[in-house]
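The structures come next, written out as structure tokens.
Below, subunit A partners subunit B and then partners subunit C, in two separate complexes.
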Partner chain A sequence: MVLPLVLAALTALALAAPLLDRFLGRSTGWPLAAAFLGLAALVATRAPEVLSGAGAPSFDAPWMPAVGVGFHLRLDGLALLFVSLVLVVGALVMAYSASYFSHGRHGDFYLLMTLFAAAMFGLVLADDVVLLFVFWEITTICSFFLIGRSGLSASRPAVRTLILTAAGGLALLTAVVLMWVTTGTTRLSVILEHSAWTDDPAFATAVAVLVILAAFTKSAQFPFHYWLPDAMAASTPVSAYLHAAAMVKAGIYLLMRFSPALADHAVWQTALIGFGLVTAVLGALFALQRHDLKELLAYSTVSQLGFLVAIIGVGTPAAMAAATAHTLAHALFKATLFMLVGVVDREAGSRDIRKLTGLRRVMPVTATLTGLAALSMAGVPPLLGFVSKESMFGAFLDAPGPGWVGPVVGGVAVVGAILTFAYSFRLVYGAFGGPTEQSHLREPKAAFLFPAAVASVAGLVLGLVVPLLNPLVDRVVTDTWGLVHDSDLALWHGFSTALGMSVVVLGAGTVLFLRRAWLDRVLDRSLFPVRGTEVFERLYRGTIALGARVGDLTRSDSPAQHLAMPFVLLAVLASVALSAGLAVGDFPAPVSRPMDWVLVALIAASVLGAVVARSRLAALGSIGVGGFTVALWFFTLGAPDVGLTQLLVEVLTVVVAVLVLRRLPRSFHPTGRVRRAAAAVLAIVAGGVAALATYTMTGRRELSPAADYFLTEAENETGGTNVVNTILVDFRALDTLGELTVLGIAGLVIVAVLNANGLLPNRQPTAIHRFAGSPIDSPTDATILFRTVGRWLAPLVILLSAYLLLRGHYEPGGGFISALVGGAGFALAYLSAPSSDRAPIRWPYIALIASGVGVAVLTGVAGYLEGSFLRPVHLDIPLPWGGEYHFTSALVFDVGVYLAVIGVVVTALNRLGGDSGPPGGMPRSRGASRSGRSAGKETR
Partner chain B sequence: MTLAISVGLLVAGGVYLVVQRGMVRITFGFVLLGHAVNLLLVSGGGAFRREAPLMSETDASVAADPLPQAFVLTAIVIAFAITVYMLTLAGVGKRDDDTRGGPAVSGEKDEEKA
Partner chain C sequence: MAIVLVALSLLAAVVRLVRGPSDADRGLAGDLVFFGFVALVALVGLRADSEVVFDVVLVATLVGFLASLSIARLVTGGKR
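And then the complex of A and B:
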């Protein structure tokens, strides 16, 4: 239970960090450091079990049992190595942060750092590939935020790092999927022992390449190395932890984890050794060029990671032992150096070795600690770095392949190590050597130096007692190589080739350091024709530009282009279908009647009129004729309800359209001949296809069983004789409720659009001046007929609509139709008003819409009395004068329909008709002042 | 046949209008397309039985299919709401209901000149 406990504790600490920060400010680092150490001790209680080889403590919990993905944690030797890095170095960095930052709040930093530690902990323990991937991604995201929080200049580096490491993450995800599919399990320890690695070379190669990609991006290997120096925009504690000890080691961990399966693979060996050594040498050369201490350290990290990758590629037990030792050594000396560079930066105000000089006299302790860590990095005895480097040398000589490979690889490694030696001394000398100029500087507080001192001295002590590490190294070798191995890390191995290589390194390195002026001159040039970040930016911009270019194909503000597409597509599909041939049935009875042709002619005339009209009003007239003709069609086809609805809708459409048209120019915009011709061709093809499809594919069968059911059973089931209405309110009431809601939303959207955008102003008709002085010119006089008629017609219309509503269940009528009749009454009242100020119907239209939908929903809920939502409730109410009234809740539902439709009609009339400001029907709300403001804008 | 021709005419007119310039014409185009689809739906029920499905007056054996009628009835009202919404869009803006694309749009401009 220790493992999930530690993971949970780290997560809890992350969440608690901002709270702690509220009280402690930057000192939050201290309790966090203590907690990290406590958790490390907790893990250490299981260490004897791991080191003795008795077994790996593990934890299993179901996560996605349906697909077999589990929350599996497993602490083997390799995991223990990295856990100790994560927790111990993490504790040091946390303690360091408590002094590094300025006083004040750093809650986000502590949260992200602790969260990162939790993710890293989970990553190295995960025994499920999906889980491993999730933690891998969390470290990427934490890194992004930790870099990005350092201000504006860090935003591009943060993005570049994120994109690159996330790309590596995708490679890992692909590998995860491949392994899952091939082996049928997500359990990492099972996958690594699967026979597919040897039986299926294609699979092994693919996974090898993908894992290498993931690891190389994470661990900054050439050619992805550039992100690490780029990421130095982050604050020093972030660099010390993420970019020296922990995150960049995730790639190393991944390579070591997959070594048992892939170590013998040629691609794996070649890529790791080749790219690793190139990175090692290039990184070291770049480090020698840098003047900024932090940048120097970044390239040094790149170089050291290159050594690690190469040695993992060698893959022998001795190589794995060396990799283990060097991972540890590097984490210690590199974290130390980052922390101390931060100290120097804080105290001296610069990290540039051209500005820093002679600090050894004023900061002797800092100088000593830096020197100690740098000696470890340079591989000088008796520090841990010497032991690890010499064991690497020994292992390099046994690199797999033909006989010449070992010596060549060893030689390159020696070159890299010589350069490492040179830049280590360059770093120490650059800051602390030479004459002292800033003599006023003082040694920082002990607390600031303490964390770095611990790591620095640990490098020395561990070097002296290095055999103590052998049990851990043995376990790691067993976990990464597969067989038990006896490691013999020691300061002195007797005279060997490796010792000779160390001597060469020390000697040549010293020469290079002594001839540093010459070296600087030689290296003072660009070693590479391009910079990684520039290549990245070029690729990045190129990708965006390519996307824009692809998007341009369809990018247009003109609706016509978008609207034409579906019809073009339909025409194409239809021609394909037609060329394939159609099986056409027979009509059960003749479908055309002579009178129909009158309707066809009317439709043709109205369509033609709408198409050729240049005036908006004329087009509207034609559209109106078309609508009425369609209504007639419905009557002819035996659909009186539909016909009535169509008729009323047409009236209201024309009324609303007129309200808008008077704000627009008289004539349509001119369109070019080409466009008209193209539109005509498209229109004719689409029309032809539609007619053909309608003729051949509809109505060629007897009535459907559903229709039969409704016709024969509707009256028995509902008591209603108007079958269409019973379908709307009884059988398919849920559909109607949905449609009602759409209607209501359309009304609200109209209100929202008009609240956000003012209407165009009304245009004064020019022709009216001709009648100046006559009653036609006066709005009051001109509407007298309307008003007189309207006065007695309006109550009648409302009565009529109520009657239609009540009888809808039995005769043509119902909620939709009666509401439209009522709406037409409102339209009449509206149009008869002498001015738009006096026109509005002072009804709360939004409340009307809402109450309509509300009533419908409540009726639906009442349906539960009968067993289900929207089921009509029937009641026979005895009347006082005898007999009974048959009540059905479908009627109440229809009232809901009525209210919602009336609401939308009144909305349209009020909001589109008004000249200025909101109508009175609108409740005094925010909307009122907003549309008032937009109206004011129009008059300006 | 007659119904199919009507649908074809309405579709042709609707398609022609929706690819024109100006929100009002696009709206009118949609109105025509709405009519076309409504007639198509009714045609799906069959145009050979043309008695209203009112059981107090009509015998079930000759009444028209009520199901598409119910569909079309609600469709008409929804189409009305959409029409009003589109007309609203035509009524807001800077100058009028023009829908000509910005300068970034190629091709369109040439047509306008023609």
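And then the complex of A and C:
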């Protein structure tokens, strides 16, 4: 239970940090450091068990059992190594932060740092690949916020770091999914022992590449190294912890964790050794160029991580032992150096070695500690860095591959180490050597130096008693490799090749240091044609530009462009269907009659007329002709209800279209020839496709079972003989309810849109004034004919509409048709009014719509009397003159339909028919929208 | 035969409708088309021996002229 306890404690500490900060300010670092040490001690109680090989303490809890992902933690040797780094270095950095920051509030810093430690702890303990990925991403996010909290100048570096490391994280996610799918489990320890690594080379290669991508971005390997110097915008404790000891080691951890499965893989070996050594040498060269101490240390970190990656790539047990030792050594000396540079920065006010000089006389303790850490970095005996570097040299010589590889790899490593030596001395000498100019400076207080001193001295002590580390190193090698390794870390191995290499490094490094002026001159130029951040920014801008380019494709507001795409797709679909081969059935009965061809000719003529018409009126008329012909077609096909509806809708459409057209220019906007041609081609193709589809997919079977049922059972079930109407109001009344709601909503939308935008003014043709003064010009006289006709026609229309409504169940008619007839009556009243003031129909149209929908819904609810929603209720009412009237609630439903449709027609006539121009004429319309009734009063 | 004749007259009316030249011509052509359509309904009804056709003709004559009327309103630019 120790493992989840520590994880929970770290999380709780993170949450408590802001609270502590409220009382303690920057001193929050002290209790946090103490807590970190306490947790480290807690973990250490299990260390003997781990080191002796008695078994790895683990913790298992279900997390997402449905997909088999568990909350598995496991503390083996490798995890123990990294946990100690996370907790001990974390404690030192926390203690350091307590003195580093200014007085005041730093709750966000402590929260994020502790959260980061928790995530890192979880990452190295995770025994589930999904869990591993989750913690991996938490470290990325914490790092982003920790860099970004350093102010405006840090925001771009933070974003660059986030994007790059998140990209690597996604590579890891892909690897996780691949492993999950291939091995069928998410448990890391099982996956690593799975046979797929050897049986399935493609899988192993893919995972190797993905894991390498993830680790290289996290651990700043070439060519992704540029984010790390960039991230130096963060405060020094962040750099010391994340960018020296913890986060960048996550990639190293990942590589070490996966090396038992992948170490024999050629891609893995080549990439790790190759890129690692390139990074090591390049990083060291870049470090030599820098004047800013933090940047120098950043490139030094890049270089040291390159060594680590390369040695992991070598993949022998000895190499793993060396990697373990050097991970430890590097975490110690690099964190120390960062902390000490922070101290110098705080005391002297600068990190630039061109401004710092001779600090050794005023800050001797700082100088000594820095020297110790730098010597460890340079690999000078008797420090830990020397031991780890020498064991790396020894391991490099055994690099896999042909015989010449080992010496070459070793040679490159020696070059890297020489450069490392040179920049380590450059760092110390640049800050502390030379004449003393800042004589007023003093040594910082002990509490500030103490954390750095601990790590620095630890490097020396551990170097002297280095055999103490052997059990840990052995355990790491055994736990990752499964091989028992007997490592012999020691200062003195006798005369060996590795020792020779160390001697060469020391000698050449000293020469380089002595010839530093010459070296500066040689290196004081751009070593590499492009900078990583520039490449990143160019890619970033390119991505944004590409996105803009892609967005441009559909940026237009014009419907034409957006309509073109579905039509083109339609053509593509049709060509796919045609190339796939169409199986067309036979028509069961002859279908073509002479009458049909007459109608086809009429429709073709009307469509052609509508397409070529320049005048809007001509187009409207042509469409009307087409509509009438379609109605006729419905009649010939034996659909009188549909034909009637079509006819009435056509008439009312013309009426409403005229209300709109009179506000628009007489002719359509002219369009270019190319555009017309393109549209014509598209239209012909799309029309051909639709025709083909209709020809191949209709009329090739007998009556459907449902139709058969309706035709035979409609009268028995509903009492109605009009099958279409019984389907509409009895069998499938839900469709009708939906349709009438659609109509009602359309009416409300007319009101809403016109309230918001108003109407265009009427366009007055100039020819009208020719008749000024004549009876033609007088509205009252001109409308006398229709007013007289209307007086006689109106009752007739009302009667007809009531008749159609009542008989709908038995003969053509019903709610929609009768309502459209009634609507036509309203249109007549509107058109025959002598003036526009008297034209509006004083009916509360919104109330009409509402009552229509309400009646229909209530009728539907009444259906529960019979069992379910929208089920008609039948009632046989005896008539006084004998016989019975078969009443059905479908009639009431039809009344609802009737009211709603009438409401919509009246809305359209009233709101579109007014003379009100844009916003000017609004007030009256506004009133009308609130309540039809009050509008009626106002206008009266 | 009658159907074909009426249809041909409708085609001629469509030509007039499209070619204009003035909006009044179009309005008249539209009116002609409508009554041709009523005639067609009646003729088709005869052929099909359907009773429904009388309802249709009734409705069409009662409300159909509205389209012509409103087109006339368009010709005058909405003026009554």
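In the analysis below, the second predicted complex is superposed on the first by the 556 of 940 C-alpha atoms of A that agree within 3 Å, B and C clash if a C-alpha of one lies under 4 Å from a C-alpha of the other, contacts with A are read in each partner's own complex, and residues count from 1 in each chain.
In this section, a residue touches a chain if its C-beta (ideal position, glycine included) is under 8 Å from a C-beta of that chain, and two chains touch if they have at least 3 such contacts.
Since the structure is predicted, the reported quantities are computational estimates derived from the model, not experimental observations.
Once the two complexes are laid over each other on the shared chain, residue contacts for A:T712 go to subunit B alone; subunit C is not touched.
Shared-chain residue A:Y864: touches no atom of subunit B or subunit C.
In the superposed pair of complexes, A:I727 makes contact with subunit B only, with no contact to subunit C. Judged by the touch definition given at the top, the superposed model places A:E811 against both subunit B and subunit C.
After overlaying the two complexes on the shared chain, residue contacts for A:V655 are found with subunit C alone; subunit B is out of touch.
More residues of subunit A are touched by B (comparison of subunit B with subunit C). When the two complexes are overlaid on their common chain A, residue A:T636 makes contact with subunit B and with subunit C alike. Once the two complexes are laid over each other on the shared chain, residue contacts for A:S615 go to subunit C alone; subunit B is not touched.
Shared-chain residue A:V904: touches subunit B; no touch with subunit C.
In the superposition on chain A, A:S556 contacts subunit B only, with no contact to subunit C. The residues of subunit A shared by its contacts with subunit B and with subunit C are 620, 636, 638, 640, 652, 659, 661, 663, 811-812. Only residues 595, 598, 601-602, 605-606, 609, 612-613, 615, 617-618, 620-622, 624-625, 628-629, 631-632, 635-636, 638, 640, 643-644, 647-648, 650-652, 654-655, 658-659, 661-663, 666, 762-765, 768, 779, 782-783, 786, 793, 796-797, 800, 804, 811-813, 817, 821, 824-825, 827-828, 831, 833-836, 915 of subunit A touch subunit C when the two sit together in their complex.
Touching subunit A in their complex are the following residues of subunit C: 3-4, 7, 10-11, 13-15, 17-18, 20, 23, 26-27, 29-30, 33-34, 37, 40-41, 44-45, 47-48, 50, 52-53, 55-56, 58-60, 62-64, 66-67, 69-71, 73-80. Taken together, the subunit A residues at the contact with subunit B in this complex read 555-561, 563-564, 567, 587-593, 596-597, 599-600, 603-604, 607-608, 610-611, 616, 619-620, 623, 626-627, 630, 633-634, 636-642, 645-646, 649, 652-653, 656-657, 659-661, 663-665, 668-669, 671-675, 678-680, 682-684, 686-688, 690-692, 694-695, 698-699, 701-704, 706-708, 710-712, 714-715, 721-724, 727-728, 732, 735-736, 739, 742-743, 746-747, 749-750, 753-754, 757-760, 810-812, 816, 820, 901, 904, 908, 911-912.
On the subunit B side of its complex with subunit A, the touching residues are 1-13, 15-22, 24-28, 31-32, 35-36, 38-40, 42-56, 60, 63-67, 69-70, 72-74, 76-85, 87-93, 95-102, 104-105, 108, 110-114.
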